[in-house]
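Structures given as structure tokens follow.
Shared between the two complexes below is subunit A, which pairs with subunit B and subunit C, respectively.
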Partner chain A sequence: MIFTAPLVYSLLMVVVASILLLFEGKWKFVCTFFFVYLSAGFFFGQVKNLDIGTSGTIILASLFLMYRIMPACAVLYYVITTTKVNEFLACMSRMHISNKVTIPLIVMIRFFPTVFDESRAIGNAMRMRGIRLFSLRTLKNPVSFLEYRLVPLLVSITKIGDELSIAAVTRGLSTDTKRTCVAKIGFRWADAVVWAYCIAVVLFYVIPGLTGNLPSL
Partner chain B sequence: MAVTRKTGKKSSNTLVRDLVNVGIFGALYLVLSGLGASIGFIPMFIVVSTCAVSLVTSVPLFLFFSKVERPLLCCELLCMLFGVVMVFSGHGISYGLLCVLYGVLAGLCLKLFHKNFVGCLLANVMISFVPSSMMIPLWSSTEEYLAYCSSVCDSAYIAHLAELSSSYWPLIGLFGFGAAGAVVGGFIARRVMKKHFERIGLAK
Partner chain C sequence: MNISLKNISFSYSDSLDDAILKNLNLEIRSGECVVLAGESGCGKTTISKLINGLIPHYHSGTMDGDVLLGDKNTADMTLAEISRVVGSVFQNPRSQFFNIDTDCELAFGCENLGMDPEEIKRRMANVVQEFHLEHLLGRSIFNLSGGEKQKIACASVSATGPEIFVLDEPSANLDLKTIADLKEIVSRWKKAGKTVVIVEHRLYYLRDVADRICYVKDGQIAYEWTPAELEAKGAEYAASLGLRCMNLDQLGDEDMMCHSRLDRESPSSTESITFTNLTFCYHRKHPILDIDRLELPCGQITALVGHNGAGKSTLAQVLCGLQGNWHQKRAARKRGAYLIMQDVNHQLFTESVLDEVLLGMKQQDEKLALEILEGLNLKQYADNHPMALSGGQKQRVAIGSGISSGCDVVVFDEPTSGLDYRQMLAVSATLKKLAASGKTLLVITHDPEFILNSCQSVVRMEYGKVVEQYPLLGNQEKLIEAMLNV
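Entry: the complex of A and B
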């Protein structure tokens, strides 16, 4: 599995994500990312050696998620913030990937921040009404807490989904017709450089891995 | 009712609406299943964590089943997207293929039973097998899985996992609890749908 790869390969891939984000001017994000990433890695090493039971497992798992999945999240953040939806759809259709796969994928990627925003707003509204996770009311009837949080979220998400569908159809999104795009889509020298670097890192992992000489870090 | 043209085919507008619903409910399913599965970090709740996931995701899934016009395609796409995300986050390709299989089975249940309560319940049970299958590597390739977990978890948790892998009953328990959670969640979802969503016209 990819998480068994030593840390050095994760760091090499983080370099790619960071350079791409710096080119887009997202230096604040890169600084925050490095701070959180290196802190999570440091504390992961420290907490792993302590034997503090279940709470240690929860903390370890959270730190693991932070410092192993964050490089992938950084690349995903780069893709989401710099790629327009119409360009993404044009790329996917140029690669002969069906719109039946592309449309749910792009909606899913774009919808994650919306789910969190709506959930936060509903949480604030419920908190104003005294419905908290560890309040007496919730402890007496835990299923009602689920209803108070989940039902408004589903109602608002369903309404957003219906509006999104109407907007998409109005803008001509369809699975039957081939889309055109104003922006020029293509593979250029910068893409070739990044691709060659990533392939080199993968080979740098696979070849020593086959001979059993993986670095220890 | 599905919008049909003279050719008998459904409108492509409803297809776009179905695909947008797959994306939206896919994102919601990912978030809620992650929240439900987090209970599995407590060693005594590992086997029961699939029940928590099924309970939490039943209501959104029932709403999803009621909204889509093409149940086979939409369930397949929902499970396929979940499988793709899990494959990219480190689970094997075989897990992705299993997700597609569960999606197809769920879609077939909905289609055969015309999306009535029994069909939705069976489809919910099929989709509950998706998170249950994540721990199959603990039994199929025990040493590799424990080596991977030892980089994440403390020794007591690893010992508990090793104890679970010594017999196949916990694996059956994982799937059983997941299915039980899906059935109970289905009844809760039917009540919630009647109480909230059907009344305001969001579900049929």
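Entry: the complex of A and C
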């Protein structure tokens, strides 16, 4: 068997995110995602039983992290690229979740695209200075590469985070007023299908997996 | 609704010893349009924050005195209550949106106030019509130009129908045509009887709208003029207070330019650098940039003008090898062009100013690096952290890193946006020095005062193409006319 059993089961969940993303026309993202994800899973399956020493263990660990975390990242990507701020707020308040939980979450969702935007600008500036990921300089001192990337990013996102909160509070977003919402939101059959699928996966694979009774292929 | 600030002292720290506002009094009548002007750091933005309640509810500090909106004290209101009466527009279009699409942004304020969805839709339709936003509906805010974003910001604040509008340097990132639109918006608010408070460096566009200009200095209102009074005092008086000009027509006068005329008449060389194949597109049918050939005079400062979205920034990025295909990038690397970004924070990476300059060098030469810093008046900061410097100093560090990487062409993206007169002159002096040392400079700018002060020639772009290129001397009026009508 090329693929290990856990990989196949985690695929069952990845499929949900992929289909949702395909509905949004993000086929490029989905293709890249599957390529990287399946490669990571495949190599992990191949390498994990070999005796490979310290450096091999590091590679193994990063492969493991990659293929375990990537599905969550795909879902996060779907959420932040398709969820509108007002719909999210309305939906949460309909579910009787407190604004104290919702508002920090929505700030986070709003924050990600801005961070990517900033990161791109900083990457541009680095290329102009000849600092590249694949270069002798980075190979000699990989930590400084990270530092060059992260220091300006941290400085600018703290500033932007502050400005975003100011924009929100001066527009009357607060924890104690009840919001209304222009968009119509509701629970429809598509939501029901996704829900049912996810619950089935949890019942038949995740819970048995946790208790060590994972069904074999 | 009238605003009154009574005996206000405020400091961002724990004690009033280093207060930014000192016992300030200001009365703004209902329906009045007041401009707060003054040099950077004089406290005018702090006044705007007192009015929209960010002080004392968001920023911490020590405050003395009362701010009354109508007859209510802002200290007794919550920010949500204040936001019903005060609408705020900020300087940075990038970060004043809480939503990622325009429709939601327009509805956001109203939704927060808990209005009926039908009423919100009616109000949205109203502002869309009033501000001519039909073409901007349903767009992602990441694909809007600065001017478009600022319009959406004004409209979405307007939708909630506040009595008071507070604008903090709204024109900083806008071209002259969009500024004219902004003026329209402000005068519409004024006509509707709203009270408008604008913190601003650029004064010319508020000439017919503002009732009063308050000059803030040392934490107090030092002078008050009507726009006509300030204009009558002349451009030199305004410049001596660090204010931008009141009237763009005065700018073209030879008198205004005489102090920088000499170096304009004797161009240092007649050579020029030629760039070819400057094209770029996301979709084949809609080229964003389509220039076969561009010649820039060596050792001179060339201004690149054109309206928001004409492709100026794309040109800068292609020139510097940040966009474009493999050939263009290789050509850019060969020719050595360096971009000083509008937000210089993006291009400062290291822990000290000296390291920043050393980083770009192929052979690290500390002596040469210190020489470069000396030339930029930065030698005493060599060991400081770049992020701890002021905005102008950061910009000079970025220039230093460009020089050290051996680039002959330096491109600037709006180096003077949001600067007062003195800061603008300082940037201009740095650029002139750089040009005198033999570098070829291309400056994207919407700032006519800066162009007349420092540039020798002008390139104007429209729809991704160069439509005009001419030396500045003798063409000042043509330039201003083109900038206003783009």
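Observations
Here is the rule we go by: the second predicted complex is superposed on the first by the 154 of 217 C-alpha atoms of A that agree within 3 Å, B and C clash if a C-alpha of one lies under 4 Å from a C-alpha of the other, contacts with A are read in each partner's own complex, and residues count from 1 in each chain.
Just so it is clear, a contact is a pair of C-beta atoms (placed from the backbone, for glycine too) under 8 Å apart; a residue touches a chain by one contact, two chains touch by 3 or more.
These numbers come from a predicted model, not from an experiment.
Contacts of A:Ser93 after superposition: neither subunit B nor subunit C is touched. In the superposition on chain A, A:Ile69 makes contact with subunit B only, not with subunit C.
In the superposition on chain A, contact of A:Pro104 is made with subunit B only, not with subunit C. Contact with subunit C, but none with subunit B, is seen for A:Arg171 once the two complexes are overlaid on the shared chain.
Applying the stated contact rule after C-alpha superposition, one finds that A:Ile122 touches subunit C and leaves subunit B untouched.
Judged by the touch definition given at the top, the superposed model places A:Val155 against both subunit B and subunit C.
With both structures placed on the common chain, the touch criterion links A:Glu147 to subunit B and to subunit C.
Subunit A uses residues 147, 151, 155, 159-160, 164-165, 168-169, 173-174, 176 to touch subunit B in one structure and subunit C in the other.
Considering their complex, residues 84-86, 89, 110, 113-114, 117-118, 121-122, 124-131, 147-149, 151-152, 155-156, 159-160, 163-174, 176-183 of subunit A touch subunit C.
Put simply, subunit B touches subunit A in their complex at residues 12-13, 15-17, 19-24, 26-28, 30-31, 41-43, 56, 59-60, 63, 67, 73, 77-78, 80-81, 88-92, 144, 147-148, 151-157, 188, 192, 196-197, 200, 202. The touching residues of subunit C, counted against subunit A in their complex, run 52-54, 57-58, 78-80, 83-84, 86-88, 90, 92, 94-101, 103-104, 107-117, 120-121, 124, 142, 156-157, 160, 317, 320-322, 338-339, 341, 343, 345-350, 359-360, 387, 401, 405. Residues of subunit A that touch subunit B in their complex: 1-4, 48, 51-54, 56-58, 60-61, 64, 69, 72, 99-101, 103-108, 111-112, 115-116, 143, 146-147, 150-151, 153-155, 157-162, 164-165, 168-169, 173-176.
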